[in-house]
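Naming follows writing order (A, B, C, D, E and F), and every chain is counted from residue 1.
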């Protein structure tokens, strides 16, 4: 959580700007208050620690009492957390704290709905880099809270060779051979392919993971048969929540879905001050 | 657009981290390329300039050729923009550029669907502060691109007195009187009320805008009748896309909807490199 | 005060640079000390909290004992505050703390001299954006401490249409009509005018505030007569401390004076260490 | 000038905030304009390059045509500079550019009035660290433009031993002996003294500069006689513009005056856009 | 190279501080100059682009003419690069540019001496995280320039389970099983072991890489025999330049050496200005 | 130490990046631990406070127990410090803390070996600006800990006129005369010379320090004889640890050696967690 200090400061600054002209003028400097954050719909909660961090920025002596933990499901009307401190800090930080919590809980809730569909299948459901600019680390955290796994965090912690890289290099074989010695031995090599020929070349080249991009179910089956355990198989594109189990059943190892992050709506939460 | 330089740098850094290990190792430093960004579904476009800024960060000599402008509707398969420059910069910047564009276009598209429902009614549809942390200025820009208006940008450019402020001050009358002399004469005073008694007190206190919070349609009508033009009337909460016209017809001046920003999903865009 | 952390750090860094080579070499790391800040002339104090923040940056355990509060008048020789902590921190922070305090108290003292002249007239005395770069929020705070009000904080929290905007738009009427729907409903529209014809057009266009720029007293009277309460009247330019009451008497609502901030000299303060 | 980039960005951000809502809504993105900055009173100009930098931030293609150079005296009505570029950039940057220029020119003008009094005496007139927080480098630059010299820039580029340092160390002799070996051989040692006994001890200790603090003219003469060229003599405190020449005549080497920076008012400048 | 902008600015600021008081006062603003950077000893060059970036910060129109490329060996007296621009910029940037270049070339030269010893053996020589704070990305780049490979870049792009992690988890088996599902499928799992029993447990747990920590040659042989290709074998600790080939010959896959970065001295370079 | 906060944050961020994927997944959030940092070879310790700062960033409640102080010599196997707190924080911060400590202690140890050679001679051994980019203040601190002195910290706190400055100005005499009035009276003037003629001109010009650059011992003697106490004499270039005493004996005041900072290797330290 050390990593998100900058984002919290940015978020508070964009809301407070030159000052909360309502609160600063109407609420006494030393008045205290209690806040309660409540779910207005069923939600998987993610981001409790950030709520604490937001209020702590404004009032270092804030008292924070979570009533659940990240990953818990809270029902409509359920209490998520209580916070106690300066009334000014509660009012000034309320919107920013809620914006974080409802956004991340929205993702966790959305992801959980996919995970629940999987019926404990062995397949690994993963996110993509289709995240909101500036929120990558947090959104990927919410994906894990929701029960899915992360694909690489960015361009720096995994090799994913796409068609343009292949073209620039003169083929999968050359690309894989070349890059193996350039990157850390702790990094695996994944290649994105769209035909069975490419699958074959990738297997021969010794890649660690093969991503079957936008293939239909028949082609996926053929590919898995050919690969036969010599590489992990990732499927991406054209995936609906309905097709998850089918893909799992035919032996896909990894299913990546951009919608986990880019199409989750915020859950409805509110803060009551007492 | 001067204001978002920091966000663009943050977004690029979170994706690139210590380096794009695939591209840096497989694509020649001086290779050039052409990119085309295409809509994969009908979308109202918002954020073209940011796409340019992202690529320009990576390659100051990038050539940028938009095929539409912000606010235009592009159909499935339509070309949004072309970009030409170093192949490395195109590959490294692709995801960040798309993440901005699909997020903001998602909001603009969502907002447009509300605006289209309004059938040119005189009512003003506005957003809220329920935005993604760090993206406030951009998301509110996308709301305007979609055809709606902005509520205040943050806590600093409008007075909105809520129940907690009222309680802390000893009543609406006191609060309004007190704050009028404290804030700039260019700032209006809005009060959030939930009963007819409060409406009456607010009118007497001379507020500029009255927000009817979570009132049913009957109570809203009564309030408008009482207010009778002496303040602008804003309605908030419990609003669906279906109820917009009805609210407009009974004389509401402003309808604020958090969902404009917090529940828009990204539109599907992709970049083809040639 | 959350907002000025960056400025305090910048101020300390510009003074300390690579280190206080005198203090670091001559004063023991663990020596303690007491500091007393004293007025060397009569002054309205503004900025006590910043003094605390400066020393707290250098020594988180500093003990701060203000002997007055912002807005109080302290006489020559009067004690403003006491501070107790590491001697090194007192010596290193002394100049930065005093520079803030004497600058802001200088403004508050200067403003108070204007306010005292007004003899409780109803007119609102306001500052402008003619502030020292980087210190806007603090200087406008000092203006309020001195007893005057703030005009808009920046370009973002108020519309002020000047001659160049009008020319670019094709007239006051067009400009006002156009902008009303573009900005938040909590923002008022002010137009700067320099002739009676412009006053008339502004009233007809329904602006909220009319700024009479550099008009003589006769023209101001004519304008007020024409406006007749349909907009607030602001007067700017050519204002001396002597003319304040006269402007108030003829019905001006707002008088804006750049000199409140840009021509205040620092008050003389010093710190004695014991 | 490489050093002040951060300050320029801060100044623009504090004025622009979330956007110039007047200009962005009323002036076309591609409209061009000419600006002329004019003196409204006689002034010594300082800060031309900063004006350029401010506008360049907003419009990298700005054309800048200074009509004078830093240090020149411009008469009331005289043209200081012309600038040509996007009208939006001129309007958005105007206030920030002027705020820098009128503040720094204010200092240069104030300093020049002291320097002119000196009638080419050999004495060195210097500033102090009593500067506006965040503007140290610029204000000290304006002092040089005005014709005076700089004392140390901060705590890092000169040793100035004051009474508290002396007390903490056990005497001037010990302090000077101790610190000589701790700091770079390019740094001189100055001691602040308030009695003739201290003067004597300082001379014996071999300090480079002796600052006579708040001494009357008789004591200053005695001190200079005793020092007799063995150290530079600086006088500080109780100095008026009238006493400058007298101090110079009795052999003072350096006169330091805080008022050079902390009590200069802004000069009156304005920008006309055509 | 987009990533190191912040470091270059920091480096320039720490040297320039409040200004280069020698150059600014003695060299005309518009004087031009030519600089030539020369090797004063045989060196493998790394960091040419950074030299360009340093001077470009100070003079955007600088002309940069490298006479070699990163990885080339330049002999004593050989010309590395030429640079042409403002004389002030050359003098101000000289030390910072050289400090980067001689530090990175020092590492590249040091690494090359190890690589040359390896006589084209198949073993992979890698660095560690023992780098100078703030220079990680650059120093690891210099390692690659010198001809060796990188271990993980930081704590984020590779799993390396050490004794404390194992203890905290209750054994290698548990640790490996647990973490496999938590991290991206593109990240390999490495375990650090110090006994043959641990080697066996690690193999059974299915780790990707086994680091033999501080083992003697006999134990290393036994371990390799047991592992038998089921995991990559890394050796670390007690390694001298003399033992490299021996380790390669017995089948070690990876040798990691902290000294590659933490014990390289700068090479001697100088800049001549003409 | 206030000054290095930014560097510590940068160092931690470059190592942690998007998270310590090993520790975060294997060690419980609330587990505690004890760390002991031990010398693996004889070393002069420098940087204890930075170690504390690194761990404090990660765990504000860390307990820090140094077993020695900066400047102490610790033998192989000796305990340097103990630290107690969250196990996660110890594991995450370990490498960064050690990287600082072993780098700075490496310099202090290297410097001490020079100082010990000097046999209490009166000559002043000083460093140069040949430091690692970003670490200037810390490395110069380590030099002082090792027992040597600092030359100027940067371009801002001392005048050092080199051949290019002289050429740009038209001679030493002109340069010295010109600059004396431009810089603070607390700054001394040093000139770098390479011939006896230049020595003579420098003495006549009244410089404070003369740097004899790359002169042989005979020329140095002649120069000292001519200078005869009228300026401090600094020798630079071609200096080995063997020649130190000889230079001291012939009357050199200052010997500057770049190798103090740029050629020190890290000392070997390790952290054991219990």
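What we mean here is this: a residue touches a chain if its C-beta (ideal position, glycine included) is under 8 Å from a C-beta of that chain, and two chains touch if they have at least 3 such contacts.
Since the model is a prediction, treat every value here as computed from it, not as a measurement.
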{"item": "Chains touching both chain C and chain F, listed by label", "value": "A, B, D, E"}
{"item": "Classification of the chain B:chain C interface as same or different, half of numbers criterion", "value": "same"}
{"item": "Longest centre-to-centre distance from chain D, chain (CA-based)", "value": "A"}
{"item": "Chain located farthest away, centre of chain E as origin (C-alpha)", "value": "C"}
{"item": "Separation of mean Cα positions, chain F and chain E [Å, integer]", "value": "22"}
{"item": "Cα-centroid distance, chain B relative to chain E, in whole angstrom", "value": "45"}
{"item": "Centroid distance [mean C-alpha coordinates] between chain E and chain A, Å", "value": "32"}
{"item": "For chain B, residues that touch 2 or more chains besides their own", "value": "14, 16-19, 136-137, 153-154, 156-160, 182-183, 187"}
{"item": "Interfacial residue positions of chain D with respect to chain A in the complex", "value": "14, 17-18"}
{"item": "In the complex, chain C residues that touch chain B", "value": "124, 126, 144, 149-153, 156-160, 181-188, 190, 208-209, 232, 234, 253-254"}
{"item": "Complex contact set, residues of chain F against chain A", "value": "12-13, 16-19, 57-58"}
{"item": "Chain F contact footprint on chain A (complex, rising order)", "value": "2-3, 136-137, 153-154, 156-157"}
{"item": "Residue numbers on chain B that touch chain A, as the complex places them", "value": "6-8, 10-11, 14-23, 25-28, 31, 33, 87, 91-92, 95-96, 98-100, 102-103, 106, 129-137, 153-162, 164-165, 168-169, 175, 178-179, 182-183, 187, 259, 262-266, 273"}
